[in-house]
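After this come two complexes, each holding chain A, first together with chain B and then together with chain C.
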Partner chain A sequence: MLKLFFKIMDLDRRWIFLMVAVIVTIPLFIPSNPPIVPDRPVQELYNFIDALPEGTPIMICFDYSPDSLAELNPMGRALVRHAFSKNLRVIGLALAWPAASGLGLEIISSSAEEYGKIEGVDWAYFGYKIGYSQIVIGMGKNIAQTVQEDHKGLSLNNMEMFKEIKNYDDIGIVIDLAAGGSLGLFVTYVNTMYNRPVSTGVTAVMAADYYPYLQSGQIIGMLNGLKGAADYEKLVNRKGLATRGMASQNWAHIMIIILIVLGNISFLLTKKQQSKQ
Partner chain B sequence: MKRSLPLAIVFIGGIIYFFAYFTPHYFSEYILQQKILVDWLKILGLFAFVIGLYSLIHLHATKIKRKVDNWQYSVMTLTGLTIMFIFGILVPEKFGGGIDQGSIYDWIFMNVQVPLQATMFSLLAFYITSAAFRAFKARSVEATCLLIAATIVMLGRVPLGESIRSATKGFLDFPLWTQWILDVPNMATKRAITFGVALGMIATSLKIMFGIERSWLGGSE
Partner chain C sequence: MGFWSVLGTLVAAVFTLAIFSFLYKDNPFYKAAEHIMIGVSVGYGLAQLYHLGFKPYLWNPVFKEAQYELLIPAAIGMLYFGFLHPKTRWLIRIPIALFMGIGSGFSIAPSMQAAIYTQLQATIIPLWQHGLTFGEALSNILIVVGVFTAIIYFFFSWKHKGVIGGLAKAGIYFLMIGFGASFGLTVMGRISLLIGRVIFLFQDLPKVIIGIF
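Moving on, here comes the complex of A and B:
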């Protein structure tokens, strides 16, 4: 028995890599219905958006690059679908990563097509804008003046949508989908300086950092990693990639826990043996 | 002059921004919200972009010229850069050029860059699993606490946690325990760290503004 544990400990890591690959890949191809109960922060954001009056614009900032799209793309899609299903208007932009520009546009334009929404009337996309904090601050005074043009180079002043939308006061909520520290900017300026509601969707590794903002009420709800995205998909009743991914994540976590347990048993056995000697 | 001018700019800029943010006077708002600042940042960003582009080309061209280890990757980098430049800027829109949806540039971005970057990041799962197996040991009381908390959170964040809760009629409520860990000990710790970092940032900013910390100026003089 002891020998078996020591053998497990000496397992070539390539076997572990292979196990991870198998365990993560197979569930993606097997239809499943994992039990998903939305977390409280996800429910809070959903409730807030759901209660916004028809026609209210929401702003989504796509602050991530393709590295993190597995977690953040499904969040963006679920949020945009929820907004369009409630006849809310959507404004999208990218501030932190130039590569996010194409990702955000794909999410909003494809969802708009599903719901028959018109660009310039029901939604607008600014693309990547250089200026970061200054753009966030400037939009508090005048969005059209600060951003000037949308992703196609069309002036915001000529868009029907921006005849009614001047600054954050006209926006229901600003949501930052972040793979970096960009949320801090939105909390500092949009929430603290302009006193407007802010929320976020972040990768699971970052989520722990933002619980103080959640507790203080500086952000309304939060989508935390793939689970947060799957929770939101459940709430909007549109299963997507996040729900499918939860089966993979489920098995991956089980495997990690089993490996940790095995590793610790062998560690304790080794320790015992050493103390005997 | 070489040192005093940058120091003066940093001092004046820092003071203006500091007071502009903390005073609700209309003049503060006027300064913070001016479009001219956005334009300045765009210009600065453009200069940084030119320097970055030159640096990237110079670095990889040198690697290829000297045939250093893995120089082939540099060829790939420069080829990618050239292809995106050609299709994004040089090729007319009627031939699939430009950067809009449906362009060749967009197709390459969506079908090459996106999957490659996503793949690179997903490698983390393999290394984390291997590292958890080899290094996550209950060597001390603190490590054991971390181990237990991590196991609870890992179970609470997946459907298995929900299944266990249902099967045990809420006795083993991993999702609830996970939320408590995140809401209470995690939140308290993170808040303490945030305060510490903020105080450190204020101290460093003041040192830079008043010229006490000058390493950012470069050089040893």
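Moving on, here comes the complex of A and C:
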């Protein structure tokens, strides 16, 4: 037994990579239904959106690139589906990453098709806009003047939707789907400067940085990584990519916990052995 | 599925496998994928900057709408290129100073409000009051004690001895728990990304391949 623990210290890390790959892949082929209990921050955001009156626009900023889409795409899709199912209008844009432009458009346009929503009336997509903080600040004064054109190059002034929507005051909530530090900008300007509700869906890596905003009430709810996305899918009752991945996530976490425990035991035993020698 | 979508999916699969091959050991497939990715990203970014920045905000207004006043900020921006020659390197201080001034003016007040005052306010909370559940009260106590002791840890004007030393030690435990939570979330995030790729390789890709035949 002791020998096994000593061997672990010399284990080639490629075996661990292989084990993780196997443990993540197998659950995808075995039908399972792991229990998904939505966290409180997810429920809070869901409740807020659910309570918005029909026709209220919500703004979703797709601030991530394709490398983070596994976590953030399911969130975006669940949020847009929820909004359309409640007859809310959706405005989408991308500010941080040029490559996000197509991701946001695909989510909104495909969901709009499912719910029979019309572009320019029920939804609008601005695409990637250069300027970042200037755009966020400018939209607080006048969205059409700041953004000017949608992703097709059509003037916002000619869109029916923007006859009633002037600035953040006319928007129910601004949600930043963030793979980086962009949420700080929305909290600073949209929430603090313009006093409008802000929420977020973030990659798990970023989540720890944003909990203080949640505790202080500067953001309404938060979707945290794949788990947050799966929680929201559960609430909107539409299983998607995140729900499909939860079994793999559970097993991978169990394996990592076991490896951490084994690694620590091996380390302590090796240290003890060395001190004896 | 259109031809370009099928091709895109196949290219994505090949590059995913090429990047994963690094887990075994460094190899030419990984290197090629890495370099192509960097090249494509830079090229895509530059094209976006040209079409969404330079053309609509400078070229079109100046040459189609005769807004010549825009040439002034454009000229200031061009001073960044002064960096290319040692004798003109000092010129980049002008646009940097301008952007620092404008940026600071816009952000200092709301940033202080968002990141300091509101955050501080959020730590001034009741440790116990009627209506709070045990969990909420415990959470409030942990927040107050955690903030206080962590600040003590970063307070270097007194030696960390005696009571101050004890509080600083408690502070470092709180920090370590925070780092642990952050690490746990990082692991969760990386596993999620792997799940995304595995779903793509084993569930989405086969559908595309079957569709071809």
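Just so it is clear, the second predicted complex is superposed on the first by the 277 of 277 C-alpha atoms of A that agree within 3 Å, B and C clash if a C-alpha of one lies under 4 Å from a C-alpha of the other, contacts with A are read in each partner's own complex, and residues count from 1 in each chain.
By definition in this document, a contact is a pair of C-beta atoms (placed from the backbone, for glycine too) under 8 Å apart; a residue touches a chain by one contact, two chains touch by 3 or more.
All values reported here derive from a predicted model rather than from experimental measurement.
Once chain A is used to superpose the two complexes, chain B occupies space that clashes with chain C. By the touch criterion defined above, A:D39 lies against chain B but remains apart from chain C after alignment on the C-alpha atoms of chain A.
Once the two complexes are laid over each other on the shared chain, residue contacts for A:A204 go to chain B and to chain C alike. By the touch criterion defined above, A:L259 reaches chain B but does not reach chain C.
A count of residues in chain A touched by chain B and by chain C gives the higher number to B. After overlaying the two complexes on the shared chain, residue contacts for A:N47 are found with neither chain B nor chain C. Once the two complexes are overlaid on the shared chain, A:K152 sits against chain B while remaining clear of chain C. When both complexes are overlaid on chain A, the residue A:L105 reaches chain B alone and has no touch with chain C. Looking at the shared chain after the overlay, A:I137 reaches both chain B and chain C. Applying the stated contact rule after C-alpha superposition, one finds that A:N195 touches neither chain B nor chain C.
By the document's definition of touching, both partners, chain B and chain C, reach A:Q215. For the contact definition in use here, the residues of chain A common to its chain B contact set and its chain C contact set are 17, 20-21, 24, 67-70, 99, 130, 137, 193, 204, 207-209, 212, 215, 225, 227, 249, 252-253, 256. Taken in their complex, chain C has these residues touching chain A: 23-24, 41, 44-45, 48-49, 52-53, 56-57, 103, 106-107, 110-111, 113-115, 118-119, 121-122, 143, 178, 181-182, 185-199, 202-203.
Across the complex, chain B is touched by residues 11, 13, 16-17, 19-21, 24, 34-37, 39-40, 65-70, 99, 102-103, 105-106, 109, 130-132, 134-135, 137-138, 140-142, 145-146, 151-152, 193, 204, 207-212, 214-215, 225, 227, 246-247, 249-250, 252-257, 259-260, 262-264, 267-268 of chain A.
The touching residues of chain B, counted against chain A in their complex, run 21, 29, 32-35, 37-38, 41-42, 45-46, 100-101, 106, 109-110, 113-118, 120-122, 125-126, 128-130, 132-134, 136-139, 147, 151, 154-155, 157-160, 162-163, 166, 175, 179, 182-183, 186-187, 190-191, 194. By the touch rule above, chain A contacts chain C in their complex via residues 14, 17, 20-21, 24-25, 28-29, 67-71, 98-99, 101, 127-130, 133, 137, 148-149, 184, 187-189, 191-193, 203-205, 207-209, 212, 215-218, 224-227, 241, 244-245, 248-249, 252-253, 256.
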